[in-house]
């Protein structure tokens, strides 16, 4: 198993990234200052702090999204190999997999996690 | 190609003339208390949704707006002080630079006020010309509102179509007055010069084409399903509250109030023209938009009537060379695209007015924003502010 | 002349059997790309802002010259068109916005008010007589308001100035 | 309620109704103390529902500031001008922002441009002027280093 090619591939990738950023760093006029690095506040002095507390419902929605994103991620490889396996087994497995997650969604819905305001 | 460096870019420009003090840093506002999850959101002077430079500090609870504190004055040029040191003719160009979208309506109100002071009668042809220009200006102003409002709501196409039609009107106004935007076309007693020869030919061509184009714009934005979903029932204000806040123009007529200066305080030849006053029923953001579209259709009707009945005659009355009205005061109001534009002129018999107070619609319309927006979501703030059709130098003067 | 519009004439085009070879100086390549994609910070103060919008709309369409994206935040803006009357209450804000723009940055003073205070030079207690007292200005476009063509002409002049720059002495932004 | 009834009721209530040249609207001068009471009467009894504007006139020769409240009735299409005379310095006038909501901003602007104090105003902050500008710009004797007067034409 020649790992060398992967190594070379990795090196070229790294090289590409570093050189492009390096050239950029060399050529661009780089003048940071306090005001330039301050947060943009429509022209005013920034006030208040960024780490404010906000309602938990945003977090819950993000969680639910992650769950279904991961589910979709798992379904991709399954879809790729689906045609090469005959029989109903893969379909059944996927149905169970999706069923569990739909159950989770129903539970979240009942518990009122999706209630917005 | 010579090698160019931009002068003394390194050091800050010398404020040798000393007119600019050290940076008067705006003191930061106290941030909301740490325990509650409210926070202050600053929609500052430089922001696409504010249509100019006004600042709104919003107290937010999550995404719901709890309270709004507007800050204005970022284009306050102190015009009313400036007017006290200008003769009556010198003031005319300043009137159209306070609200550049309805420069003609401002000229109209001011010049009519001075004519009332002088007791000067203007020829009928001048009255017809003024109504023609005022209605053209109203359509151009509403088209620009449509363009900017489309951009605010995320639709880029209405901007291009509205500006295409607006350029035609602006070209006509420019041919007549010499200025695309800040026309300075009116004079006490009439006009600087007569309408160009082919003005009516171009106007007829425009009227023939614009009816269809307006329907196109209407379906493009105001009848658009997403637009209706975002504006129907949003930002409602009742008739009594709107009148109490001094709102005028389309914003007031959207709240089921048929008040229009052309009907309430009739001036010029409007009593002899037939046109309806479009009135919205429930005063929400969609009604404010619908009223403006209908107003444009009414303006087309007025333009046709004014064109048919256009009399012959002088384009300027015999006004005295140096205008020195007798001591007295007058309030002359005109229905601008945004509402009642009024000039309260106090004269003391000299060539310069003793005091000129400009009553501008955006000033009162904008003061109602905190009440309209309390309890709505942050996305509605952009929708409601756009529907008020604000012009900032008119608020700050 | 240069192959591409705006490419520096110093670049050579060699006709080789296998196809053309383009040799250009580093400056020319950078300046061509920089001058043909200037993003403007939407900074409308008063009447000139409407003429700026007209320049951006379908009839005059400054996208033909590369000013495609009017960006609302200074972080992505290359140039700031000060369009309208500058007042003393606005001074700290203009300074902050200018300093928050990444280098290289340019300022265009559009209209009489931004150049010298315009019609409000006399008898106004809040006017700033010219935005050059606050930020270094590159291009002045007179007019009250200047026509969209005048704005486009001014911006094209700015592009020509940018093509004359060099990486060694790129415009130093403000500290 | 028609225009004549409103005008008649107005004359009955205010003996000193006078109209100044050129402006047809009847004018009434009231002392600051009874301003609120008169405005409530005008709004509720005579249907003057629209406060057009609030401004002031600086009369340095008489040492007075003249406040001008212009009202308009959509129902009777009649205008009326309510005037309040107050001393040039230390003028205190009760706010009417709860009677007419538009007065809140108009009063704030008049306060900072003329130097009148509107008592128990809900939000007496500055409205238009920069924070570092002291003095009252619309007074006739206002001077400021940044204010250069237009030279007189010969």
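First chain written, first letter: the chains are A, B, C and D, and each begins at residue 1.
Simple rule for what comes next: a residue touches a chain if its C-beta (ideal position, glycine included) is under 8 Å from a C-beta of that chain, and two chains touch if they have at least 3 such contacts.
All values reported here derive from a predicted model rather than from experimental measurement.
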Please state which pair of chains has more C-beta contact pairs than any other pair.
B-C
Just give me the whole-number Å value for how far the CA centre of subunit B lies from that of subunit D.
24
How far is the middle of subunit A from the middle of subunit B, if each middle is the mean of its Cα atoms, in Å?
46
Per the C-alpha means, the centres of subunit B and subunit C lie apart by a whole-Å value of 28
Distance between subunit A and subunit D based on Cα centroids, please, to the nearest Å.
61
Out of subunit B, which residues touch more than one other chain, so two or more?
19, 21, 24-26, 44-47, 73, 76, 78, 81, 84-86
Quick check on subunit C: which residues sit in contact with 2+ other chains?
87-89, 92-93, 95, 97, 122-127, 171-175
Give the residues of subunit D touching no fewer than two other chains, as numbers and ranges.
129-130, 137, 142, 146-147, 149-150
If you connect every pair of chains that touch, what shape comes out? Choose line, ring, star, complete or other.
other
Listing of all chain pairs that touch each other, if any do:
A-B, A-C, B-C, B-D, C-D
Listed in rising order, the residues of subunit A that touch subunit C in the complex are 27-31, 33, 35-36, 38, 40, 42-45
Of subunit B, residues touching subunit C in the complex:
1-10, 12-13, 15, 17, 19-21, 23-26, 44-48, 52-53, 73-79, 81-82, 84-86, 93-94, 97, 100-101, 144, 147-148, 159-161, 163-164, 166-167, 170, 180-182, 392-393
In the complex, subunit D touches subunit B at residues 20-23, 25, 49-53, 55, 57-58, 68, 70, 72, 74, 77, 79, 100-102, 104-106, 113, 126-132, 137-138, 140, 142, 145-147, 149-150
Along subunit A, where are the residues that touch subunit B in the complex?
41-49, 52-55, 57-58, 117
How about subunit C: which of its residues touch subunit B in the complex?
8-9, 41-47, 49-51, 53-54, 57-59, 72, 84-85, 87-93, 95, 97, 119-120, 122-129, 132-136, 138, 144-145, 147, 161, 163-166, 169, 171-175
